[in-house]
Structures are given as C-alpha cells and as structure tokens.
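What follows is a set of structures for review.
Both of the next two complexes hold chain A, though its partner changes from chain B to chain C.
The block that comes next holds the complex of A and B.
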C-alpha cells in the first residue's frame, strides 16, 4: 500500500461513512494489524465508537479479523483490506453495469446491497420493490416476484454471492460487540478468504414472499403512517425462510465482465464490429469454464462458435472462418489458434490482450502529455527494447536536439529508463553505452499511483467546491423545503413565486455552476477509474503469470 | 673488377626492379616479401631490399600492412602523375585521405596518422584542395567537423545524412510532410478496402500497400526535390509504425517482382488505435506539469488549482 492509496482510501471512507470511520480506517491502514484496544488508544477515540466503526467496515467486507500474533489466546486483531476500500470508487460502474444488463430492478438490487454491504434476499426484495413502486405512477406497484426474478438472475450469473458461512459471521457479531472479553472469540476460525470455496455460494434459498411493493404515504397522513409503521414491524418479524443467509456483491465477477468489455471494445476499434461480436461470443461461451486468473480462455472450436453466434448477425460459415483467421493474424494477438480439430480451436489471449491494452494506455498518456513525437520515441523504445540515443534519433527521424530534449524529459518523468553498460570498469562516459529502454510493468505501476493521486485530487476538489458553496446549498435546500410544504398546504401561486425569489439570480447562477462543476468532477473520477481498472488488471495478470 | 661488379649489380638491380613490377601487375591486390623471394631465389636479401627501397622512394610501389605481414603493391600511375610536383609530406597526406575512402577523414586523425604538425597539415590540405585533388565535406554528425576525401568521390550517407539533410540541417518539416502523405495514402487505401463490401479476407488484403507502391505514389506527387530511394520511404513508413498508425507484414515474393528485396516484400497498412485517449488524460491532473508538487494544503493544491478551475469553468 502506498501513500497515494492510503490518501484515496481515507477520502473514500470519509465520503461513504464519515470522518470517524475515516480516522479509524486510515489508522488501521497505516499500522497494518491492530487489536481493538490499541486502535482505540492510538486514534484517541472512545472504545464504543471504534467498535461501531469496525462494525461498519466488517459489514462491508472491508475489514478482516482473526486471532492475533500472540496465538489464539491473545486479543483479536483487525486488518483492513485496502483493495476492497478502493472498490468504492467503482460503485457507480457496478451499478451502471447491473442496469445495462438487468434493467432498473437489477440496478436497484445491486445499489441496495452495495450500500448496506450485505443483506438477506428477502429484505433486498422488499426494499427494492418499495422503491420501484415509489417511482411508479399512482395505482401501480411492483410485484415481489419480478424483483425475485432479477435477483435470481444476478445470482445465477454469479454477480451476487452468499457471504462466507454463518458461524464466522456470528463470530463477527460477538467480537465486535463484546470485545471486552476477547476469550469469547478465541476459537474463531479465520474468515475464509474465498467465498467461492463455500459449496452453496450461488444457491438460492427458498423464500416465502409474495405481495407487492408499498407506497409510502404522504407525510400529512400521520395516522396512516403510524399504522404503516406497525405493519412494517409485523412484516419484519415475518419469517421468510432465508434468515441468516446474507448476500454480497461478487466484485470479481463484475471485474471479469469489465475486462471482457474492454477487450471487446478494443477489438471493435482495431478491427470491426463483426470481429468484436465473434470475440464477445467466444468470451461468453467460456465465461463459466475459464478461471478468473487464466491467461487464456478455454479453447472453443469454430463449429461451436458458429452455433453460438447470435442468429441476428447472419454470418456465414466461410466468412466466420475468414474472420477468425484475421483475428489470429492480427499483431495484437487477441485471439490465438491452438489446434485444428473441430474446424480449428480458438482461444482468447486474455493476458496478452490486457498487456496490449495497458501498453496502449501508457502510450496514450505519453501522447497526450508530451506530444505525438515523444509518443513516437516511447513506442519505438517499447518495440526495440534497448536503444542508444543516436539510434533513437535515426529511427524516429527527429532532429537530434529535439529528440534529446524529449528523451530526457521522459527520463526525468520515469517513463523511460536508462541502462549504462561500461566497456571498462571505470565507468568513463566515453567508454560506456547508454541504452534507453521502457519497462512496461514498472511504468504501469507508476501510472497507477498517478491515477490514485489524480482521483484523490478530484475528490478533494469536489469536497472543496461543496464546502465553498455550503451556504448557498443550505439556503436552496431550505427554500425547497418551504416550497414543498407550502405546496402541500395548497398555497397560492403568488406566494410560491415570492418564496422562490428568495434565491437571487446570481445565487442561482452560482448554484448552476456548482452543479456543472460537481458533475464534471464526478464523471472524471469515473473516467480515471477506468484507467485504474485496466492497469490494475494488467498488473494482476502479470503477477499471476509469473 | 670492382667497376664490373658495380655495373653488373646495377643491371641486376634494374632486372630485379622490373621483375618485381611484373609480379605486382600479376597480383594487383599486392604481393608479400615471400612471393618475391620464391620468384627470385638466387637474389640476395640485401639486393632485394635495395630494389624495393628504390621503387618505394620513387613512388612506384606502395607499402601496405595487412594481417599476415607487409604487402607491396604497384601504385596506380594516375595518382602518381597527379602528385607530380608534390613533396613527400603531401603524398603522405594524400595517401591517408585516399585510404579513408568516401567516409572522409578528420584533420586531427590525419595528424595522428602522419605525425606531422597541425599547421603543416593545414597548409598541405589547403594546397591539395586548391589543386582539386581533395575536398572538404561538412559532416552531419558534428556540424563543425570537416572531413576530407578525394575530390571525385561521392560522400557516404553517414556523412551527408542522406536525403533528409540539406546543408547539414535535418529537414524535419520535410520528414513530417512525407510522414503525413504516406499515412494519407495508406489510410485512403484502407478506407477504400473497407467500403468495398467484399469478404473480410479480401478487404484486409486490399488494404495493404507495398513499399514500392508508396514510393511510386510519393514520387508521382512530386513533393520531393531530391530523389528518394525505396529505403528512404521505408524509413518514413517505419516512423508511422512507431506512431502506432501503421502495421507492417513481410511476405515472401518471387524474385524479380516489383518492390521485392531479397525475396521479401514489405506490406504496410493503416490501422486504428485500440483505445480512445485513456480516462486519466481527460482530467487536468493527467496532463499537469506540476503534478508531483501538488499536495493538499501546499502551495500547489487541488483546492486552489488554477488549471482545475479553468477546466471546470470551460
């Protein structure tokens, strides 16, 4: 974990859970492993608050606990999972993906679970149905069964999974709530890191839940509200048959999907739409059979691909063969051929594709930041590995003076490395080869850190902008509240207009500008996250293939 | 008696000299001492040495050194006649420059090889230049460095820099224009192929252009004042590869096909990049020149960043 990651984690924790959790979380990040008492003491926060913070973190799967270094008899120690905290940056993307795959219902299901960390199926279904009903026109409501359908679709495609077994979860509750007696959790089994190791991971429980989403009554109707609350209480105690089975979002599965999307869109822009559809089909076919860290997908034959292609594409068999040959011949090597049986066996080179995408990302950064001629030098070095300065000038056909300037700038930014090879042991410059080179993996790591810093900066700026305009924001909220209550009580239009004019024109303008700024910052955060995702996947794939 | 002997010796010497010259004509690449010895086993070593020395001193023979000892070679009469009226030092310098070939030689290197003082060498060089025996050429590698070579030689590419230099200046604009033109050619070809609505294989194959085709296109465009060779165009096409805009494949071709070199043909085609500009560079931070100095609470900080401010108001 680096300083930039810690900073970003802190900002994300503050955004989602508030400043106390940020304090505890960042301290835990910096110190690695700590027990409860040390944590409370070092952050000078009350024991109670620290417990609550840890509760939040454990609930969201961001924190782990286990027997301490002093063995099972010692106090329980806590750890925070930095990677998991950084996933919070990607929440909008998960939700968007669920929306584009499973519509509004899927979107809300994922959103609810992300917001609460883990939920039982029945409560998800109830909340989502209520929320959907809320947005529908009067007299319509959402059937629970539809939400159950969407939920089971998400589980079947492994986007949702069960939380690790209940006994360790039970331990979570006891340790966080009663850590004054650490002995009670002494026999805690460490939480299984892989939820997939659990056999029932994707098994849906039988739930007895039928009915429709309820609409919240207008606030004026106090009596009805009261009655509703009573009924809600009754409902909550109702047995649905899935108590204790909690669900969480399977981030790995989402990431696989993102990765496939990236590969498909790369093929689409390099070759054409049809090729990308073929690759999409290949990826879909091998989705279930290929492990997440594999370098290649499971080989599929051309016959199988032909059968699995969506009929709307209308690709004839000989044309498909031609497309596959083209894909294999392409220097990017997205697709490889492994054999001739069944009309040719084909795989998607996942790691190669990621490496290519990461390389393109690096090139694009150099291109945008230092200009296309520097990018030419950068690509040249990537291609030829080691080159002397003179060779760089000659190959890139850039005048010596400019080439030198660009090369040194790239070197000072650590995008290019310099290797000395002395002919004599004294390292005299006149008798030394100076070879320039680009190391893709370390450069990608550098870029990743830059991305973390950039996102932190954007969040920081966003917080600053909101803080600066706090007064305006509060005022506009207050006035909106007044307007709403006036409208409810049936006030005259003149009265409404009068209240509305309490916000002056310049203020309105400022608010408009603020909204524009925040949107821009938000969308940029998501864009940088796409870069982060690509580079992270590349680094992970490079680590696993070693 | 002595008189007779001397006379006999002198005729002998002339005979030996003539024989050596004959030998040299037989072996234009030069002969070793051993060859002369084998040819004239009866001649004493001293006599042989005298004869060779005489020939060397009158400038009819050249003494060369190679891996297996000394070599004698007949000096070509042409240069001998050119050098008429020059002294030994001049001849020496001329010889050094001649040996350097079309790569040329720097005056300091002449000094090392000849062991003559620099002032003397400068005088001789000026002299030779005025006789149009040698010429000075400015090297592109170092603009202040003059190299000397024989007057009638065409300077090597490493000295003049080939087609991309005029007066020792790299014509970067010329290169850029050619770069763009080549790309335009390949791109239009790729587009035509894409619009042809043929089978994908045919589409790909027709988007390729050989380096010969590109060369012909550029020549017909007439944008270049100098004659460009196919290698020149290939270097330009290579820069396009490094720009990530073009791909190259090498295919085997029958010897004698146009644009075929050593049984290979280089095919180029314009390609698209696999990604759009990445997300990071769409933010001001991705391009910020003071990115590393930026810290919250510092002189440069995200809250007070003017770049970010301008970008937000854009």
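The block that comes next holds the complex of A and C.
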C-alpha cells in the first residue's frame, strides 16, 4: 500500500460511508492489524462508532477479522483490504457490465449487492422486483421468477458467489495472505480463506418465493405508510429457506471479463471487426477451461474455432485461416500458434496482450505529455533496450540538443532510467558508459501511482466545487421540491413560473457551469479507472508469471 | 548537481566534459533550483478531450446515482453530534432526511464484540436518571418546600398555573408528576421553562459514554 493508495482509499470511504469510517479505515490501513480497543483508542473515536464502522467494513468485505497474535483466546484483530476498497471506484463499470450482459434486471441485482456488500438471495429478489415494478407502467409488475432467473444466470456464470462461511466460533475467519502476522495466518481455517475453495460457492439455494414486485405509492398518507412498513416487516421475517446464505460480487470474474473486453477491442482497433470476433470466439471457447491466472488460453484448433463461430459472421474457412495467420503475425502478438494439428492450434496470449496494451498506454502517456518526438525516443529505448546518448540522438533522428533536452526531461520524470557501466573501478565519468533504458514494469507502477493520485485529485476537486457552491445547490434543491409539491397540488402555470424565477439568471448560469464541471470530473474518474484497471492487470500478470 | 552549482560556477569543478550535457563553450550553467516547483505547472500540451458516447454517459449517471444513494443507506455513518451549547429551535429541521430502512447485521457473521447491546428504549432509559436526581432530597426538606410552595401559590396563583400547564404539556411523555418537579430548588424552579427541560434531555442523548447510545444494533 502506498501513500497515494491510502489517500484514495480514504476519499472513497468518505464518499460511500462517511467521515467516521474514513478515519477508522485509514488508520487501520496505515497500521495493518489492530484490535477493537486499540483502534478506538488510537482514532480517539467512541467505541460504539468504531464498532459500527467495523461492521460496515466487514459487511462490505473490505475488512477481515481473525484471532490475534495471542491466539484464539486473545482479542479479535482486524485488517482492511486496500484493493477491495479501491474497487469502489469501479462500481459503475461493474454495474454497466451486468447491464450489458443481463439487462436491467442483472444491472439492479449487481447494483443492490454492491451497495449492500452482501445480501441473501431472497432479499435481492424482493428489492429488485420492487424497484423494477416501480419503474413500470401502472398495472404491470415484475414477477419474482424473472429476477430469480437473472440471479441464477449471474451465479452460473460466476459473477456472483456465496460469501465464505464464517466459523461457528464467530471469530476465526480470515485472513489474507498479505500483511498478516505469521501467527495469525497459521490460525486461519483453510476452507474459509478463499471463497472459491468452498464447494458450495456457486450453488443456488432452494428458495420458496413467489409473487410479484410491489409498487410503492407515491402519495401515501402516514397511516398507509405505517401499515406498509408493518407488512414489509412481516414479509421480511417470512422464511424463504436461504437464511444465512449471503451472496457477494465476484470481482475477479468481472475483471476477467474486462480483460477479455480490452483484448477484443484492442484487436478490433488494430486489425478489424472480423478478427476481433474471431478472438472473441476463442476467448469464449476457453473461458471455462482456462484458469484465471494462466498466461495463455487452452489451445484450440482452427477447426474448432470455425465450428464455434456464430453463423451470422459469415466467415468462410479459408478466410478464417488467413485471419488467423494475420493475427499470429501481428506484432502485438495477441494470438499465438502452438502446433499444426487440427488445422493449426491457436492460443490467445493473455499476458503478452496485457503487457503490450500496457506498453501502448505508456507510449501514449509519453506522447500526450511530452510530444510525439519524445515518444519516439521512448519507443526507441523500449525496442533497443539500452542506448547511449549519442545513439539515441542518431537513431531517433532528432538534433542533438533537442534530443538531450527530451531525454533529460524523461529521465527527470523517471520514465527513462540511466544505467552506468564503468570501465574502471573508480567510476570516473570519462571512462563510463551511460546507457539509457526503459524498464516497463517499474514505469507501469509509476504510472499506476500517478493514476491513483489523479483520481484523488479529481475527487478533491469535486468536493471543493460542491462545497463552494453549496448554497446554490441547496437553494435549487429547495425550489425543485417546492415546484414538485406545487405541481402535485395542481398549481397554475403562472404560479410555477413565479417560483421558478426565484433562481436568478446568473445563479442558473453558475449552477449550469457547476453541473458541467462535476460531470466532467466524474467522467474523468471513470476513464482514469480504465487505465488503472489495465495497468493493474498487467502488473498482476507480470507478478504471477514470474 | 545543483549543490555543486551553488558553490561555484567554475567548470573545473566537474570531472567530466560539460559539453556532453549539451552546454556549449561559454554558456552559463543553469543555477540551482531553490524553490519547490509550482503547484500547477503550465502544461506543454493540452490534454485530449474525454471520451463521449452512450456508454460514458450511462456510467456517469450510474456513478452519480450511486453516490447520491449511498448517502441514504444505513452504511453511511454519521459522526456523533458535537455537544451543543444550547438547543436551538432549528435543530429539529437540520437533522436531514431519515435513512431509508435500518440495517440489522447478521451477527453470526461478525465477531461478537462488535454487537452493541440493545438496551431499553429511550423513554425507559431517561426516566431513572431523572428520578435519581430527585431522590436525594430528604423527606423533611420536601415537606418544608411544599409548605413554602403552598404559601407562594397563594400569592401568585395565576402565574403558577400557567407555568404548570406548559410544563405538563412538555413533560407529558416523560410522565413526570408535578409533585416531583417541585422538588427542584426554588431558583431552578423559577427558571424552569421548556428550554431547561429540553436542554437537560439533550445532554442525556449525547453522553458520549458507550452506555448512552440509544439506537444500538440497528443503524
């Protein structure tokens, strides 16, 4: 965990769970493992608030707990999972992915579970059906069974999984491989460490739930509200047969899907649509058989690919062969050939593809920040590995003085590294080779930290803008509320216009500008996250293949 | 290098040929930088515009919706309110909208120590404390006080009645008998308006002590 990561975690926690959770979370992040008392004492927060915060964090799977250093009898100790906190930044993307795969129902299922951390299937189904009914026209409602179907689809494709069971002692589950003290990890019960290792992880419970979503009346009087609340309570206590089985979002599965999408779209923009469809087919065929951390997919023969291609693409067999040859020859090396049997065996080079995508990202960062000529030097160093200053000037075909300037700028930004090779042991500059080089992995790490910093800055800026315009925002909200209530009571248009005029023209302008800024900042956050995802997966893949 | 540059400008200081760094003969070397670089350095190149499109717009809407709704979920924890100097009329309007739905965690999935013990409801909690404050008054004193009060009552009966009525309204929910209230000493009694009562209540709420927390396990 770095300073930038900790800062971003804090901001994200504040945004979703408030300032108290931020304080507790950041402190836990900084100190690693702590017990309840120590946490309350060191954050000088009341014990009850700390308890609440920990409940929230554990509920969302961001915090883990387990027996402390003093064994099972000692106090329970807590850790926070930095990576999991950072996933909050990606929530919109997970939801959007669920929408594009499983429609509105899938979208709402994932959204509900993300917002509540973990839920039972029956409560998800009820909430989602109610929400969908809310948006439907009068007289229509959503059948529970449809939601159950969407939910089962998500589970079958492993986008949702059961939360790992907690030991009956109530205090023994945990911990991650990272940062735990050796004693505490030794105490870990093995079956609960990874959700995947639990046999029932993707097994749907039998639930007895039938009916339709209910519409919430918009203009219900207090009495009706009361009655409804009572009824809701009654329903919630109704036994559905899945009590205690909680579901969470399987982020790893989503990430695999994002990774595949990134590769497919890269192929589409590098070559063409048809080749991207071929790669898509290959990835889909090997989805089940390839483990998540594999460097390349299971080899499939050209014949198999041909049979698996959807007929709508209309790709003839000889054309497929040509496309496959083209893909293999492409310098990005997305597809590799491993044998000649069955018309040629092909694999998708997952890790190679990620490395190449990350390299392209680095190149484009250099290009956008330092211009295309600096990018030329950067690419040159990437390709030739080690070059002397003179060689850089010559190969890049840039005048010596300018080339030096660019090279030194890149060096000072740490995008380019300098390697000294002395001819004599005294390191005398006149008898030393100075070789410039680019190390892709450390540079990618640097860029990742920069991205975290950028997102933190974006969030800070947005908070600042909102704070600056707090008065205007509140006023416009109040007036909107007045307008809505007037409209509901059937006021005249003149009256409405009068209320509307309470926001003056300059105020309106300011609000408009604010909205524009915030939209831009939010959108930037989403888009920086795409870069973050790519670089993170590259770094993870590099770590796992080593 | 900047450290060296600061000490002297002599070229002989360097053990290597300065020309290879790109400085010609007679050119002055740049001076060392003593100030931090500017917070917002001018950008050499304008950033490329953001991507647009349906997907981007939808994700933006999703993000803003998530942010707005996370404020209303029970997971958004409010800091305990600071002890107030006085109870203001506007207080009750500033509490913000209520959270939609309360959250009861499944305690079987959490360590036991996190469970805040559910205590009796607010009313039940407040009462004993009020009583305990009253009890110390010795019966003799009470009698004396009652006598005093009787005398006083005769003098300004009308005023008293008004006060009494007001108070009964306010203290209705605490079911405090007027007799009990009279146990306060004279001064306090005279000052005892709605203000004092509500102030007293508030002090109770924000006790800071863990035992004083009210809505316990559901938040």
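In this text, the second predicted complex is superposed on the first by the 516 of 546 C-alpha atoms of A that agree within 3 Å, B and C clash if a C-alpha of one lies under 4 Å from a C-alpha of the other, contacts with A are read in each partner's own complex, and residues count from 1 in each chain.
Definition applied: contacts are C-beta pairs under 8 Å (C-beta built on N, C-alpha and C of every residue); 3 or more make two chains touch, one makes a residue touch a chain.
For clarity, every value in this text was computed on a predicted model and none was experimentally measured.
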item: First (chain B), second (chain C), both or neither touched by A:433; value: neither
item: Partner chain(s) touched by A:450 [first = chain B, second = chain C, both, neither]; value: first
item: Touched partner set for A:400, first chain B, second chain C, both or neither; value: both
item: Touched partner set for A:313, first chain B, second chain C, both or neither; value: neither
item: Touched partner set for A:464, first chain B, second chain C, both or neither; value: first
item: Partner chain in contact with A:363 - chain B first, chain C second, else both or neither; value: first
item: First (chain B), second (chain C), both or neither touched by A:49; value: second
item: Which of chain B and chain C A:520 touches, first, second, both or neither; value: both
item: Residues of chain A at both interfaces, chain B in one complex, chain C in the other; value: 368-369, 400, 520, 524, 526-527
item: Touching residues (chain side chain A, partner chain C) in the complex; value: 15-21, 36, 46-49, 51-56, 58-60, 65, 75-76, 91-93, 95-96, 99, 111, 114-117, 163, 166, 170-171, 244, 246, 368-371, 389, 400-401, 404-405, 428-430, 518-520, 522-527
item: Partner chain B, residues of chain A touching it in the complex; value: 265-267, 269-270, 272, 274-275, 318-319, 322-323, 325-326, 331-332, 356-357, 360-361, 363-365, 367-369, 372, 375-377, 379-380, 383, 395-400, 402, 447, 450-451, 453-454, 456-458, 460-461, 464-465, 513, 516-517, 520-521, 524, 526-531, 534
item: Chain A-facing residues of chain B, complex; value: 164, 170, 172, 175, 179, 194, 199-201, 204, 235-236, 238-239, 241-244, 247, 271-283, 285-287, 291, 294, 296, 301-303, 305, 308, 311-313
item: Chain C residues within the chain A interface of the complex; value: 15-17, 20-22, 44-45, 47-48, 50-51, 55-56, 58-60, 62-64, 66-67, 69-70, 73, 75-80, 105-116, 208, 210, 213, 219
